[in-house]
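Scrolling down, you'll hit the structures one after another.
Note that chain A is present in both complexes that follow, paired respectively with chain B and with chain C.
On to the complex of A and B.
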């Protein structure tokens, strides 16, 4: 039982990271109808921003977090202006390729600027965690779970109960109609990119003390987060969270009870299963209905 | 220009490459990770090679020629190293190459090494690399059949522990090491309580750690490929209360692994082909390297340092860069004292046949003993 609970806790913790990055995928997809393959690099940049601020500039941890998030907001805005905006009237494919190019550029820019050596980042708390019976609750995983819950709650409130959130939703559902109603579509898309970069950066900041900070951090998380988005239903916020958590739990339990070497395969087996049987995912709507 | 002129030029270029009597410059080709997950160790490997090149040149060079280093990025991937070696091997004036410290990548480039037919020094420690008929691979680190024997000998005979868990990466290096360790334990009449593989670049090792804990093992042998994986695993080992002693393969002694894992590796034992306190040559190398690299000396740089010195020695001994003559000269090297240890090349191309055992005491690797095998 202790092993089961330990695995469940770890699975939910890892799944929360996937969920945070998946939320970024989903938001941008909803707003622009393209997949941002640089979403993982937002996580990597957020983690590196923390390393630079806390280790190179020796700023206190509590101050480094808001500064890192401001940096990520600027990154999101620049990403929109440089990667999406010039191609906004093009079809799906050029924009996707543009995001892949941006992903490679961001990775290699960090490599040139900061070097290839992986860095360790201390956790937010000095104590490693709580020991309850035979189950150890890592303080960083606990933080990740709590932040994910808060963000999902905030996101629900923001999109359902604020005017700005509703404008962003309207933009994501039908840009032309939103524009006719006087909603500044370009500004809404800009805000979506900023928010997605913030989400990605936050995921990176949270996961860095567990997975270390390296240029490969983004791709390591993003692939699973992408799978989580599809399982949950691409374009659905609840789906991204459920998909991320499911994936974290499935791969952790699959590793423990079936095979560790094939643990990455479980995530993608589930993905294939969904693509075959329910391509719209758990919470997604069928494309035919949308048309 | 006629075809005859072009042909004559090509023959002259080839002759210069092999003759190198008074060409002025001899290139050493090096494929190394400049990008990818092992890029940090690639940086250290280049520093080691450059240190040796400067020393050789300062001592008069090779047969009147100076050595230069030509590098290509292997991107820490198998396709990357094949492409990188291909780019280098088209330069016909490169007589000797340095390959990878990663067995899986040496495995990938091995067929091309056979085709090119020139000496390639490697740091990959999977035993089969030099035992499957490729006569152009020369290893400047002891192979895992020795590391596995030392891990088994130290755990069983010195620490007195017999219930083993073996944790390994599922790549060529990790699987080769695991097979060798299981065989070494079998030779002592022991069967591990757990043999557990894991995929590289894992964000979480709780399933592996819990399996070790559940196995009731009192000693753990490990073969980790990437320092980030080792760091994550080490932290979870502490958190989840695994009390087994840990005797790891050389990656547990890497400077970057020690930096990432921090106190989580305190008290662990490591099998190190390079240990700063093991010989005068190792001490001198470590002092010089640490002054240049501003990082702790480890095997990432010591093997490339030795490889360049051995290549230079072979070229000086045979007064040629002809591949067959170089091969004979390398295999004839006995008793050469390098930073890694004393080289006695056998007919398989393995230069070293023993390991050091070190203990992590507060982040410092303290030399315990050297174990040398003659078989």
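On to the complex of A and C.
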């Protein structure tokens, strides 16, 4: 039982990271109807920004985090301008290929700078965590879970109860209509990209101390997060969170009880299962083409 | 009547083919007679085997428009097939190659099968997952693949008693295979299957409606693409003698995709150009060292933004506007129907279509006589377009049935309805926008069970005849995207007519046309009716409906509220009420 609870805790922690990145996917998808295949690279860049700031520049943690987030906001804006905006009137395929190109560009640029050997980042807290009975609650995992809960609550409040959030929703549902109503569509899309770069970056910052920081971090997390959003139902915020958590749990238990080398394959197997049986996911997106 | 080609086109063909053959022969023979150093040979070998995989990607991404990020996985399956077959099972090389290619093609078909429910970003994700899982298996199934250490000492084959162990001879084999693959992919584009693939890419729904079994086409495309990838990989394994899992990783899939996009995904020549450039570029750009993948990533974005048709697309546009080919006088189009007029062709019984709680159609009965023009009218939201979508198979009815010629067709997919003789046009025109006018209509003429055009030659002639009937024969070689709106509408009608439908469904054919164009359309539709073709049309232009229709059915809120001859129906008080709201009592008085 103790092992079970311990694994559950770890699974939820990892799953929270997937959920954070999945939220970024969902946001951009809802605003532009395009899947951003470089969403994971936002997490990777966030983690590397922390490495640069705290280790190379020896800044304190409390200063490094806000600076990293500012950097991520700039990355999001540049990403929109360079990768999405020039292609906004084209069909889905060129845009997807363009974001795949961006993912390759970002990964390999960091690779040139930092090389393939992983960096490690110390945890944010000096105390390791709490011992409750036989279960050890690691402080970094706790932080990840708390931040995820806060962000989901914030996102709900922002989109349902603020004017800016409603404008962004309107943009995502019907750009032409939103534009006719006087909503600055281009600016809303820009904000969406900045916000999802921040989300991705934050996920990277949080996860850096528990995983090694390497250039592969992005694709590793992004593929899981993408799978999570499909399992939850693409374009659905609740779905992204539930999908992310389930995937984290499945993966942790799979590695513990079935096979360690194939740990990464469990996510894909679950994904295949969903795609075959229930492609619209748990909370449902209509996949069928409109006539 | 034979299709004639004009002088310039003919002379291009006369010079082009031997020139290509000669160039190909030189590249094969040169390494054999002129010794080259091993490094150059290896570079050529890599280019030749990669090019086969890239040509596979041309089929699935370029022709069919389906994203695949797993080409390196199929390349790897072919390579491991050869490696395992020759070194562990001690099979002859060709048998091992066959094994690798077969496994790749089989898994390609399985991956293609996922396109039944999925497209777009889902498909991208599925192919990436497949790629990742294969990498995991190659690395971890040590008993079979020797794990991360890879397989060494893969032998090269002998053919007809001639050993190909020398690199120059083996390269000759690879080049022969490459040219065969290149020719196949070039040829494929012009075949019925190839046109079907391009139709799927440009407009999947329209492709279904004109009779292309889009699912089968997509599975075939994936299967062919994987097969060519496996072939390239198998020859790669023999060429280099050593393979390991990292040679077939996601990164390589990305390299393959960059190659096909750089050259131009739509053409076999483009793929070859892209491959050669990207194999040679890292040699020229050695100063970049590890950064070459970053440059690839940047290149992908820049290509998408500035050069979506790739280098070959740019080059072919430099050649100027398309040459219009001289053709003989087109035949007169024969149209189905005519015989047995008076009997019922289309029978709609108690048809209902519900979307959740919304009853878009609620128990509608209509019967359409052969050789007649039947119009369906009603205010917005009355269920007209839903009716057309059920009739062409896009929606499955909730209740009720549709019979064509006494055979139940409701519930079948659109391409089967097309095969049963139901043609249609769309309100918002759906053409295959990157193809020419003639190619669009040829795809229409290729519909299954089209007894009017069974051979490729008949298909071409029928397509020209259909274009001639709508007055677009002179524009046959233009891209449809360059045509004005009214002409696109005519091409869409010609596409449907070329399929020789028994019943033609027209969804608001006059929408968006100006007055002159409308009059021309009425003239055309009257000619079609004069040929005895059965028409079922929706339109808001009552003038057109009154001129054309033999019978009118009026829908409101998914129910039939009136049916009869135009004069009586259009004056029916319920109909006027449906269009204008309730009729005031004093107006009736």
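Heads up, the rule we're going with is that the second predicted complex is superposed on the first by the 281 of 291 C-alpha atoms of A that agree within 3 Å, B and C clash if a C-alpha of one lies under 4 Å from a C-alpha of the other, contacts with A are read in each partner's own complex, and residues count from 1 in each chain.
In this text, contacts are C-beta pairs under 8 Å (C-beta built on N, C-alpha and C of every residue); 3 or more make two chains touch, one makes a residue touch a chain.
These figures come from a predicted structure and were not determined experimentally.
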Room on chain A for both chain B and chain C (clash or fit): clash
Chain B versus chain C as contact partner of A:214, first or second or both or neither: first
First, second, both or neither for A:128, with chain B first and chain C second: first
Touching partner for A:184 - first (chain B), second (chain C), both, neither: neither
Partner with the higher number of touched chain A residues, chain C or chain B: C
First, second, both or neither for A:108, with chain B first and chain C second: both
Touched partner set for A:98, first chain B, second chain C, both or neither: second
Touched partner set for A:252, first chain B, second chain C, both or neither: first
Touched partner set for A:273, first chain B, second chain C, both or neither: neither
Partner chain in contact with A:90 - chain B first, chain C second, else both or neither: second
Touched partner set for A:264, first chain B, second chain C, both or neither: both
Clash with chain B (superposed arrangement) - responsible stretch of chain C out of 149-157, 167-175 or 365-373: 149-157
Shared chain A surface residues [contacts with chain B and with chain C]: 108, 111, 261-262, 264
Residue numbers on chain C that touch chain A, as the complex places them: 65, 67, 69, 114, 117-122, 124-126, 128-129, 132-133, 136, 139-140, 204-205, 250, 254, 257-258, 261, 289-291, 293-294, 296-301, 304-305, 308, 389, 394-395
Footprint of chain C on chain A - complex, ascending: 34-35, 37, 82-83, 86-87, 90, 92-98, 100-109, 111-112, 219, 223, 226-227, 230, 234, 261-262, 264-265, 268, 271-272, 275-276, 279, 287, 289, 291
Chain A to chain B touching residues, read off their complex: 3, 6-7, 10, 14, 17, 108, 111, 115-118, 120, 128-129, 134, 136, 138, 207, 210-212, 214, 216, 220-221, 252, 255-256, 260-264
Complex contacts: residues of chain B adjacent to chain A: 33-37, 39-40, 42-43, 170, 196-199, 201-204, 206-208, 210-211, 214, 227-228, 231-232, 239-241, 256, 259-260, 262
